[in-house]
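Chain lettering (A, B, C and D) follows the sequence in which the chains are written, and residue indices restart at 1 in each chain.
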Amino acid sequence: MPKILSADKLDNCIERWKSSGNTVIGPVRKSNISAYRPVEKASEFELDIVLPDLSIKELFFPQTEPILKYAIRKQAIDTTEFLPPSGKRIVFGARPCDASGVAIDDPLFGWDYRDEYWFQRRNETVIVSIACVKADDFCMCTSLNLAPDSTMGSDILLRPINGGKGWLVEEITDRGRDAFASIADLLQESTESPVPPAAVPEKFNLEACVEWLKNPENFESRFWKEISVRCIGCASCTYLCPTCHCFDIQDEGDTYSGIRRKNWDSCSFALFTMHTSGHNPRSTQSARWRQRIMHKFNYFPGKFSLNKCSGCGRCSRQCPVDMGITETLQEISKLLP
Amino acid sequence: MSIEVQYRNRAKELLSNGEVKLVVGYTGGTTPERRRPVFISSAEQVDRLVLDDLCIANLSGYLVTESLLSDEKSVAVFLRPEGIRSINILAAENQLNPDQIVIFGFEPAGNTIKALDGTNALEFSEFVVSLSENPSVSDSDPVIEKLEKMSAQERFSFWQDEFSKCIKCYACRQACPMCYCRRCIVDCNQPQWINTSPHTLGNFEWNIIRAFHLAGRCVECGNCDRACPVNIPLRLINRRMAVEARESFDHFAGLSMTQEPVLASFKKDDSETFIL
Amino acid sequence: MAKIGVFICHCGENIAGKVDTSRLAAALGDHPGVSVSVEYKYFCSDPGQESVKKAIRENHLTGVVVAACSPRMHEATFRKACAEAGLNPYLCEIANIREHCSWVHSDGDMATDKAIDITRSMVEKVKRNNMLQPIEVPVTRRAMVIGGGIAGIQAALDIASAGQEVVLVEREPSLGGHMAQLSETFPTLDCSQCIMTPRMVEAAQHPNIRLLTYAEVEHVDGYIGNFKVRVRMKSRFVHMDKCTGCGDCYLKCPVKKIPSEFDCGLGKRTAIYTPFAQSVPNNPVIDKTNCIYFKNGKCKLCQKACAADAIDFEMQDEFLELEVGAIVVATGFQVQNTAMYGEYGYGKYADVITGLQFERLASASGPTAGKILRPSDQKEPEHIVFIQCAGSRDPSKGVRYCSKICCMYTAKHAMLYAHKVQGGKTSIFYMDIRAGGKGYDEFTRRAIEEDEASYLRGRVSKVWEENGKLMVRGVDTLLGRPVEIAADMVVLATAMVAQPGAKEFAKTIGIGYDEYGFYNEAHLKLRPVESSTAGIFLAGTCQSPKDIPDSVAQASASASKVLALFSKDRLEREPVIASCNEATCAGCWGCVLACPYNAIEKKDILDRSGRVIKQVASVNPGLCQGCGTCVTFCRSNSIDLAGFTEKQIFAEVMGL
Amino acid sequence: MSEQFEPKIVAFVCTYCTYAGADLAGTSRLKYAPNVRLVRLPCTGRISPMFILKALQKGADGVLISGCHPGDCHFTHGNYHARRRWTVFRALLDFTGIPTDRVKYSWISAAEGVKFAELINTITEDIRALGPFTQYHGLIEETQSQASL
C-alpha cells in the first residue's frame, strides 16, 4: 500500500536525518530571496511556492569554490588542494525541474574529466522532490518532454495530498529508499490520492525547433539579431539556470600566496570568449545568445542525447528585459513551415 | 487621444519620413504586467508600441550600444524623467550626441501617465531644473533612515547579508545606462582590484566600487534594483550617494548637458569636517 | 623571473642601532625573487655604491631595493649608481627604514618587523617597475624675476649680464623695495640709496632686462623651461612713452595730504605721484582712490600741467602673456603691524614708531631730511627707548622665529641717533644680542662702547604718556629690578613677516610656503634657493627674514641656478607621467576636466576611411606632471601613471 | 596573560607633504607607534578608493589617507579632487557599515613632523581601542574556507 509522509512528521524526519549525520536542506526564504539552504526545523521551509528563485545547481556546483591554495616561496611553490567536500545531505522539497537539471549535468561533469567536486556531492546527496501543483506563466517543463511530476534526477518524489497535510511517497532510487528506510516508522499507509500535478501548457514544439537549429543555414539567420537585440548581456539567465555549468578558474590573493577558485562563468559575457589577442569570436550579443540556445538544444543533445534545459523558466522569469528560452523557441516555431 | 496613440502616430511619422531610423520603446511582455523593450524600425510595426504606467525601465542605455549612433542618424526613445536626466549625463560624458536623440517623454501621474513636452533634451532643461528643485522622491527614504540609525556593526551585518546573495551576474551593471565603459574595472585583472569571485568579500568590493562610480551620476531610475535577480536593495546605496552628492556638493545628477561630473570637479571651499 | 637585489644600509648606527639588519637581510633573502640581500655600513659611500654596482653586474639583477634613508635623500644617488651598472635607473626603489622606522620607534623588534614589511613591499613594487626613459623638453631662455627690491634687482642683473633675457616685474610704481627706504646700512653705515639707486638705474637700462613696474603676476601655467605667465599692467594713467618725468603734474596736484607709503606715513604725497625722488622709472602714477577727478569727475589739473600730454584718464589695465623658462621669486617682506602690543601704545602714541619709520626719519631723503624729530611735535628727542623683539620670538603675540636683522638695525639706530643728536640718550631693551655676521659683533660693540647705547636685558611691560614723556616700564633682568624710563620716543624693532597675500601668491604660481607664509625651499640646507616647483627659484626675504648681504647672495645663487638651467637647449624630466590605454578608454573626458595641467587632450580614433570611430583621452607628455589624479578618476582603469602604476601599488599594498 | 592587540594600519600618503612630514618626524627623532606602514604616492589625487579596499583585504584594521593641506598641493589641486572622493567614499563606507573610525583622513604638511607623529599615535590608540576589524576579517576568512554547503 502507498505510504504517506505527513507534514506534521516533517520535524521528526529532519531530526532523524540529522541524527544520522545528514545536513537537511530545502527551499528557504532569507533576505528576500528563496533558495535551497540548510534548515534545523520544518518551519523554515518555504514549500508553497512555484519554485525557489535560485536553482538547486549551487548545492553541487557552488558559485565559487576553492580548489587549490598556493604559497610562492623562494625555492618552491607550496600547494594544497582542497578536497571535494564530504557530508551527507538530504535535499527536501526540490522541484522536479531542479532535480532533472542536476541529472542533465551529470554526463557533462563525468565526461572526459570526472569532476570530483560535483560527484562527491552528488553521491552524498539525496534529492527528495515534491511534484508541482502550482505553475506560473514561465514554467515550460512539458515543452521539454518533462513534467511537473517527472522523476528525473530525484531519489524520492513526493506528491502532495489534499489540504497540504502530507505527501505520497514514491521511491525512485536505492539512495532514496535508504534515506526513507530510516524514517519508515514515521510514514503512514494510505490510499489517499494525490493532488494532480499542475497543468503546464506546452509552449513550443521542441523537435521542430531543434530541426531548425540543426539546419546550418539558420546559423547566420537575421533571426538571432532580432530576437536578442534587447539582451543587455548580463548573466542572470545562466546563473539562475539549473543546467548552465560554465566556470572559470581564477587565482585570487596577494602577491605570493592565494587561492585558486572555480567560479561560475557565463557565455552571456562579452569577455567569455575574448582572446588574448583582442579578437572575440562571439563579438556580438546575438552570437552569444545563439550560442546559448544552440548549446542547450543542438550541441549538448548531440553529445549526450539530453536537452540542456529542464524547463524551469527561471531564465525568462528573472530576465531584466523579459527575454528567455521560451520566447526564442516560440519565435523559432513561427519561422517553421 | 491617449499618449500611446499619440506617440505611435509620431513614431510612424518619424519613421516614414526618415527622421529617425529606430524607435526604442516598450511593448507587451510575457505576462500582462510585464513590459519589455522593443526596437521599431519601420512604420508598419508601430502598433507594437505600448505605453502605460507599467513602462518603467530606463531605455537610455540602449542608445550607447556600440555603433548604434555612429551613422549620425537619429533614434527616438521613450523616456521617463530619469531617462531624460540620463541623456544629459551621457551627453555631458561624451557618450552620445543629444541632437541624434528624439525624446518621447512621459511621466507618471497617479495611476496613469502623462506626456512631457519636447523632443530634444535641451527642450527639457527647465523641466529637469524643476525636478532638481522638487525631487519627486523625497531624499529621506525610510529604509535609509532605519539603516542610518543602526550601529556600524548592524549596518555591516545588513549589507553582509545582502551582498552575500550577490551572484556576480552583473545584471546591475548591464542594466545601468551609466555603466557604458568598454571595459569594466571588475574585468581588469592586472591588477585584480576587485575580487571577481562571488564570495561576500568580492561582492562587497564590487558593489562598493560600482556605487562609487555612480556617485553623482545615478539618476535613480531603478534599473539595477529591478534587474538584480537576488533582490539586493541597490537603490538604497545609490540613493545614499545621490544624497551625498546633493548635500555635500549641491549636485543633482543629470541637471544639464554641460554639468561637470561631481568627482572630476571641485570647489576650494568644499566642506571637510572629517579631515584631521 | 625577477632577480631583485636588496641592499640594507646600516647608516652607521642610525639604522643598525635599532633595526636588526641581519634579521632583515635574512627575511628578504628568503623572499621569492630576491637574488641578493646584503647589508653594509654606508651604501651611499663610494665603496657602498660600488658594491651595489658589482652585485647588479654579477647577478644580472632586474631590480634594486635599497633599504636606507628617505628616497628624498638618496634616491637619485642610487638610481645613478644603477644606471652606471647598466640597470635602468627606474628599476631602483628606496625602502625608507631610517626616517620612517629606525629613528622613530623605540622597540627594536617591532622596528625590525616594520622594516621587513617596508622593504618587502618595495621589493614587490620594484618587481613591477618598468624601464623608463627621461623625457626631454625644450627650454625657453628667458627668465622672469618677480619683485624689484634688492634681491630681484640683483638676480635680474646677474642673469642679464650673463647674456640672457629677463623680465623684471615690480608691483609698485618704482623699483627699490624696502632697501630704498633705509637710511644707512649696517655694519658699514653707507647710505642705502647711494648703493641702491645705481643698481636700480642699471636694471632699468640694461638691454637684456625688460622692466615692468606697476605690474602684477596674475597666473602661471606650464612647467620648468616652459612657463606661461600672465601679467597685469596696472594702468598708471600716465603714458610712460610720453612722460618726461619733469614732475610738473604732482606739483600741481591739489591733493597733497595723502600719507606716503614710502615714508611709512611720516610724510605726505600727492594723488599723482612718484613714490620717492629717485624712483625708477621716474614716471608718476595716479592713485585712483585719492584722485579728485576719479572721485568727482572734475579737476584734471595734472593733465593741464603736463606739457608732454602724457596723462590719460581713460587708461585701462593691460595684460601681457609672457613665455619664460624660469622664474625667480623675490617678493620680499613686510613689517609686522605691532598693534597687537596694546601695552606699547603703537598707533596710540605718535612717538611710538617702528624701526622702519625710524629709518625714514634718519634718511636724508626722508620727511625730516634726516633730522631725528618726534612725529608729534617735531622736537628732537632727548632719550629714545628701543624695544627689540617687538613681535619676533614671541609665540604668544607675535611670531615664533627670530627676524634676524633687528639686533643689528637697532644698534645702527642707536648709533645714527648718537651721531645726529648730541647728548641724546639711548636705552635698548633686548632679549639676546644676535650679531653673527662679518663685522656684526664689532658693530654692536661700537654702539655700546663708542656711542654709549645702554643695553637693558629684559622686556618692556608698558608704555604710557605722562607729562609729555613716554614712560617705559620694563625690567632689567641682569640687575633683577624693574626699570622705568621717561623717554621722548620709543622705537619698536618689529618683526619681518611675509607679504600680505603671500600665501595666495604662492598658490598662483604653484610653490609651497611655511606656516608663516614664507616660501619653502626644496631643501633647507642643500637646495636653499630652489622652490619645490622645478624652475621656480627664491631670492631674498620672501623665503625667510634676512639682511641685505644674504638677500643679495641668495639672489645671485638663484641667478646662477637659472643660468645653469639655460645652459642647455633641452631639459630632461622625470618620466613619471600618465598614459592612456586607447583600447579601453570610454572617452568620458572626466580626466580632461580633472587634470590640473590641461595635459589631457581629446583624440579621435579614425578608421581607414578617416571616419571617427571613437574618441579617447590622450596624455600630452610635455604637460603632464605626474600627479595621477586622472588615474584615480578613470572608472575603466584606462589611464595609468608610470612609476606609480596600478600594478605597482597593488603589489606594494599586497606585499605589506 | 593576553598580549596587547597591535593593530595593523596602512597609510596612503602623498610624497610632497605627508611623506615629507613623516621624514621630518624622523629627522626630528620623534617617537611614535610602529603600527603604520606607509605607501608613497605622488599626490593624494592618485589615491584610489580601491587602495583602501585592498588594504582592508590584506587585513588592515585601519587605514590612513593623508596629503597636503588645501591650497598647498604640489600639483595645485590634486588634494581638492581627493577631498571630494574621500567625502563620497567615506559616506559610502559608513553606509555599508565600515566604521568611519577605521578609515581616517588628514592633511599633514612637510613641516608638520610633530603632527604626523602625534596623529600616528592617536590613530594607533583609537584603532587599538576598536580592536581587530573582525567583521571584515570574517569576510576574508570566508574566501579561504570551503563553501558552506
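We adopt the following convention: contacts are C-beta pairs under 8 Å (C-beta built on N, C-alpha and C of every residue); 3 or more make two chains touch, one makes a residue touch a chain.
Nothing here was measured: the structure is a model prediction, and the numbers come from that model.
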Message: Based on mean C-alpha positions, which chain is nearest the centroid of every protein C-alpha shown?
response: D
Statement: A student comparing A-D to A-B should find more C-beta pairs in contact for A-B
Mean-CA-position distance for subunit D and subunit A (Å): 45
- line: dist(centroid_CA(subunit C), centroid_CA(subunit D)) in Å evaluates to 32
Statement: CA centroids of subunit B and subunit C: separation to the nearest Å works out as 51
Field: Interface hub residues of subunit C, defined as touching at least two other chains
entry: 583, 594, 633, 650-651, 654
Shared interface positions of subunit B, touching two or more other chains: 185, 192-193, 195, 197, 199, 202, 263-265
Contacts with 2+ other chains: residues of subunit D: 48, 54, 58, 71, 77, 81, 85, 143
Field: Interface residues, subunit C side, partner subunit D - complex
entry: 70-72, 96, 98-101, 103-107, 110-111, 113-114, 117-118, 121, 503, 507, 510, 512-515, 520, 532-533, 576, 594, 596-597, 625-629, 631-633, 641, 643-644, 649-650, 652-654, 656
- request: Write out the stretch or stretches of subunit A touching subunit B in their complex.
  value: 30-33, 53-54, 63-64, 137-138, 229-230, 232-236, 238-240, 250, 252, 261, 263-264, 266, 269, 271, 316, 318, 320-324, 326-327
- prompt: In their shared complex, at which residues does subunit C touch subunit B?
  reply: 583-591, 593-594, 613, 615, 633, 635-638, 646-647, 650-651
Query: In the complex of these two chains, what residues of subunit A are touching subunit D?
result: 23, 25, 38, 58-59, 62, 64-66, 69, 82, 85, 252, 254, 259
- prompt: Inside the complex, what are the residues of subunit D that reach subunit B?
  reply: 48-50, 53-54, 57, 70-71, 77, 80-81, 83-100, 104-107, 119, 135, 139-140, 142-143
